[in-house]
Structure formats: structure tokens, C-alpha cells
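Dropping the structures in below, format is C-alpha cells.
The two complexes that follow have chain A in common; it is paired with chain B in the first and with chain C in the second.
Moving on, here comes the complex of A and B:
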């Protein structure tokens, strides 16, 4: 990229700003509902970044599942339970911060190593028949992990229903 | 439009895109204005009334007067409301409503983004409106608004699932998520339109779409007799207008989507009628879908709230899954 500021660069900058801004606001807001809204913006920015990477299917799945469903689910959970702005003791917070920083650093190193190891050198043609290629890969090369994940989700679903039902009988 | 879309982005193409988006917005606003007039006239006619007939010839300017009234009204923000979210919520509700129009193809050449995952885009982006409705209900700090918002969201999420699954049958038959290719797969006479091959899917789609639009018989979020007005009780002036606008833009989008997915888009019903331009066929089918919505509103009573969820999860979802299964089976055996 020798031309300096290209349209792609501007788009990347704006989307990163939305993503990171959403994340920072999520941490700094004090009301939980505001946090979820900031998080939703962060999710949307991420979806935009996926579009820039020519991963259309992943991008709109991201919008559908994270920006749409997960945010709404979180909001629902928050609204149905009682939440006051809680003030923790300063002392506990400081220790938490140190732990959190170490944990986040470790996570970052692990993820970064994983991503660097994963990305193949060659450039693939992603834009054309994006969905088709994902479907083919899922049902040939990755069929066993895919089916295992679906079984796992089914177990979680049934488990959630069983738990919810039990509570209903007690009440 | 395809000519412009294939060119690299420059100031000229950007200006063309902006101008066409503004033109689309004006078309949609015109549609909304006259859809409301049309709705009131149709319902009036069905109920043996006259409908609006005072402002302008045949009452044609009634909606314009209503919009003007909304715009000059005092903008009230309740004292105890969450100010930021209260202001933000109508925007979050409206922006996706207009954004989904970007992927709808009106004719072979008249369309905006020719997206490979057009259908997924529609479903994903339209889901964000729900967030706006929920936030609006919550930010108002009013129990009726919150109840209305919760009802609305629960309903929209529950009915989104059968809606999406009923549409997958169409995707299976067309072999693409691209809306243009889905229309192209329905060419050559009305017996090729997907509402015949996907009759079960179409039925589920119609019911789920009605519920997604919060229209009668599924207009529980706005059940006046129970909830005052639902999630937008506290809204007035142009913020209220934004919620109403979002609702009617979805009527536009959903009717266009039904036309594209099940009624053959711009294709004529018989090949020999091909001399009539595609846009006319699209407009006719689209107008029928819109009329159907108004017709139902004048005919059906409201569903009871306890029947609503059971119906989505125990009737529509299994039917949609059955439709998907049958489609896959037929496609595997026949083709």
C-alpha cells in the first residue's frame, strides 16, 4: 500500500475505532444496560472487519448471532434481574486489576501464537462462493468436529430445559 | 446499477451511490405516506366507513398532514428516562430497517448491492431493530413501555426462527443465498415460482412474517387495550415518527422479500406476457402482498398472549423443520 490513505485504510480505521471504542466504553460504563449496548457496537464493528477480509458469511453470521441474538439475550437477562450500580472496595479492585492484566496478557500471547501459526502464507480467493466453500469444508474435512459441536449444543439445550423445569416444580 | 457497482470506488461512483440511496429513501417515504393512507381507506371500506376524505382530494393529503403534525409536536423526554438510550433507541430501530433494502433486487438491472449472502444479510440486519425496540422500552422507564418492549422482543425472536428455517427450503431449491439468483431460479411461468413448490414453507413464512412485522393478528406489542401503546408510549414527535417509520419500512421490505423469494420477483406469470416490463410485475406482486397485510388487519382478531409463544414453538417450528426435511429429501431423490 504505497498510495498512503486509501479507502480501505479509512474503512479499516473507522471499523477498528468502533470495535475498540465499543470495548473501551463497555469497560468504563457503570450501568449494565449501557455496557451491553457498547458491546453490541463492538460486535458490529467486528462484523465490518470481517466484510473487509472478504468473509461475508462469517460477517453476517456475526451480526445475526452476536450483535442480534446474544446482545438481546443479555439485555433480557439484565432487565429481568435487579441491578444497582455496585461499589466494590477499592482494595479488592486493585488486586483484581493485577490478576486481570496477567490473565489478559497470557490470553493475548496464546491467541497471537495460535493465529500466527494458523494463517497460511498463500492468498485464497475468498470473495467468490464464500458460503459454498465453507459448506464444503464443513461437510467434508471437518464433518466430525461439526457433528460433535451440534451434539454438544443439543446437550446444552436439553440440560438448560431440565434445569429450568426443576426450578418450576419447586416453586 | 450493475455497471456502477462493478467499477472501482471513486468520488463519482460514491456520489452516484449516495444519490441513488437518497432517491430510494424518498421512494420509501412516499410509499410509507401512501401505504398509511391506503391502509386506512381499505380498512374503512371493509368496515363500511369512508376513511380519510377531508384533507385534499379524496383525503390524499391526510398522511402528509399527520406527518407534519408529528414533526412540529413538542419533543418530550421523560424526566426519569435514560436520556442517551431514549434518544438512541429510535435510531437503532430505524437504521437497520432502511439498511435491509440494500440487498433487495427490484428488477434484473435495478438493484443495489448484489451480495452473495443477501438473504442472510436481510435476516441478520433486521434482527438489530429488535435491540432498538427493547432499548426504547427500557429507557422510557415506564412499566407499560417495558412490558410492551419485552413482549415485542420475545415475539420477534421466537418467530424469527421459523421464518429463517422456512426460507432455507427456498435456498435449497435455488442453490444460492443471493436474492438475484433466487429470482433467476423462478423464471419461466408461475408454476416455477417457489410458493407452489414450497407451499408449506410459504405458509409458515407468511404467518411468521406477520408476527415479525408485529401486525394483526400478532400485534400484541401494541395491544392498546392492555398496554396503552406498547414500547413507544413515552415517545412523541419525530422520535415516535421514527418508530412508526421503521415499522412501515419493514412492511415494504417484507413484502418485497416475499415477492422475491416466493412470487418470482420480476418474472411474468406466463412467458408470453414478457413484453410488460419486469418492474411492473414486481410492483403488482408487491402491492398484492401489502394489500394482503391490510386485509388481514381488517379481518382477524388479535391472538391471545399465552397462545402466541406456544404457536411459534410447537406448531410453526416443527412445520418449518418438516418442510426443510421434505425439501432436502425431494431434491435428493428427484434431482
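Moving on, here comes the complex of A and C:
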């Protein structure tokens, strides 16, 4: 890539703007439904960034699961609960801000160190057809984790049913 | 690499068109339609009866289970994509693996069915 403003740079800038803007708006909105919409933008921006990194499979799982399913799940969660904007709540939030900042900073440092330790320096090379490569790796090298995922999903499903049914009987 | 980027230029053109069309249609409608709001027009429609209470209602928890079932089977679908793409190179063993995977999730669905989550009483 030549120096200066290339198409890739512009795309990266726009996608980062969408991702970070979505996250910032999500934190600053006061109504939960608006928050979910902002979060959906953040998810889509991230998917775009994955596409730019040539990780197409991850990008489309991101769209399918996060932008699609998780956003819907959050909307359902909002529909089921009560959300009156509480003055007292707002006040408490403001007081917790410093504490939250310290916690977020600690998380950032931990994640950053972890990622730096994990990824070797320099540019990696991804396979051209990475869905195919993931498929091959998943069903030869990582068969056991793959089957464990289905057990995990089953446990999540049954657990949710048990919890929701109990609530349903009480109400 | 260049081909890859060019493919996504096409994708972004489609995304832009998809965003532009509804925005353009709604903006055009705003200029074309008459704008005479009255308080009666702004009310939510409840079969001609005066609406009472706030528009914010809490829904039954059962809706959440449908959303959750959707998410779980969505995750399952994502795992099936790489299998489908690599199917020709994987053969019978992978087919059995996927059948086990689907069967385990079907157990969950049957459990939900038996617990009458899917029926509406």
C-alpha cells in the first residue's frame, strides 16, 4: 500500500468510527432500546473490520449471531423488564464512574498484555478460503471441542427453560 | 488481495444502496404528503377506545424462550457452514460428527417441547 489516503484507510476509518461511535452512544443513551440500536451498529462495524482483516467467516458469524441473534435477544430482554428512568439511579451511576474507569483500565491492560503475548509480531497470512480451512480444522483437529460446544448449547437451552418455567408458574 | 477488496467494494455499494433507498423514500414522502397533526392523530390506535396507561407493557416471559431457542439454533447454523463448505474433503466421519451435534441439540428441542414451552395456553 502506498502512503497517504488509500481506500483501505478510509474504510478502516469509517468502520472504526461506526464501532467506537456505537459503543460511546450505547453508554451515553438513557433509554435501553436506543442503547441496543447503538450496540447493533457497533457489532456491524466490528463485522466490517473483520472483513478488512480477511476473516470472512468470523465477519459473517458476527453479523448472524451478534448483530442478528444477540440484539434480538436483548430487545426481548428489554421487553420483559421494567425500565423507568430513575433519578436516584442516575445519581448512583455518576458516583460509580471513577470506579468503573479504573476497572475498565485494568481490563484493558490485561487484555492488551494477553493479546500482545498471544500474537507474534509482524503480519500474519490467512488462508484464502478460510471457511474451508476452518471446516477442515474443526472436523479433524478440534472434533472434541466441537462436540462439547453442542453439549454447552444443550445445557444453556435446558437451563433457560428450567429458569423461565419456574418464573412462569409463580406469575 | 486486490480481487478480495474489489469484491467488498461491490458489497459496500449494495450496503449504501440499501441504506439510501428507504432514507430517500421516507424523505420524498415527507415533502409530498400534507402535514397537519392533531392530538387525536398522535394517539396510539386501540380500536377507537381511549388508550389508558403507558405504552410500555411488560411481555410474558414465554417470548424470551422463543428468542433463546432462536439464538441457540442460530449458533448451530453457524457451525454448520464450515462443515458444508468443507464437506467434499471431510467425508463420512464429519457427517457422523455433525449428526451427533444436531442430535444433541434436538434433545434440547424435544425437552422444550415436552415441557410445553412451544405450546401456547
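The criterion applied here is as follows: the second predicted complex is superposed on the first by the 152 of 171 C-alpha atoms of A that agree within 3 Å, B and C clash if a C-alpha of one lies under 4 Å from a C-alpha of the other, contacts with A are read in each partner's own complex, and residues count from 1 in each chain.
We take it that contacts are C-beta pairs under 8 Å (C-beta built on N, C-alpha and C of every residue); 3 or more make two chains touch, one makes a residue touch a chain.
All of these numbers come straight from a predicted model, not from anything done at the bench.
**Q** Look at A:138 in the shared chain and tell me whether it touches chain B only, chain C only, both, or neither; answer first, second, both or neither.
**A** The second partner, chain C, only.
**Q** Using the touch definition from the top, say if A:57 reaches chain B (first), chain C (second), both or neither.
**A** After superposing on A, A:57 lies in contact with both chain B and chain C.
**Q** Taking the superposition as given, does A:79 touch the first partner, chain B, the second, chain C, both, or neither?
**A** both
**Q** Let me test your reading of the model: by the given contact rule, A:71 touches which partner, first (chain B), second (chain C), both or neither?
**A** first
**Q** Who contacts more of chain A, chain B or chain C?
**A** More residues of chain A are touched by C.
**Q** I'd like to check the shared interface: which positions of chain A are touched by both chain B and chain C across the two complexes?
**A** Touching chain B and chain C on chain A: residues 7, 57, 60-61, 64, 68-69, 72, 76, 79, 129, 131.
**Q** What residues on chain A touch chain B, complex-wise?
**A** Per the touch definition, chain A meets chain B at residues 7, 31, 33-34, 37, 40, 44, 56-57, 60-61, 63-64, 67-69, 71-72, 75-76, 79, 127-131.
**Q** Of all residues in chain A, which touch chain C in the complex?
**A** Counting only chain A, the residues touching chain C are 7-8, 11, 51, 54, 57, 60-61, 64-65, 68-70, 72-73, 76-77, 79-83, 129, 131-132, 134-136, 138-140, 143, 146-147, 149-151, 153-154, 156-158, 160-161, 164-165, 167-168, 171.
**Q** Would you mind writing out the residues of chain C in touch with chain A in their complex?
**A** 4-5, 8-9, 12, 56, 58-65, 67-72, 74-79, 81-87, 89-90, 93-94, 97, 100-101, 104-105, 107-109, 111-112, 115, 117
**Q** What residues of chain B sit close enough to touch chain A in their complex?
**A** Per the touch definition, chain B meets chain A at residues 9, 82, 84-85, 88, 115-117, 120-121, 123-125, 127-128, 130-131, 134-135, 138, 146, 150, 153, 157, 177.
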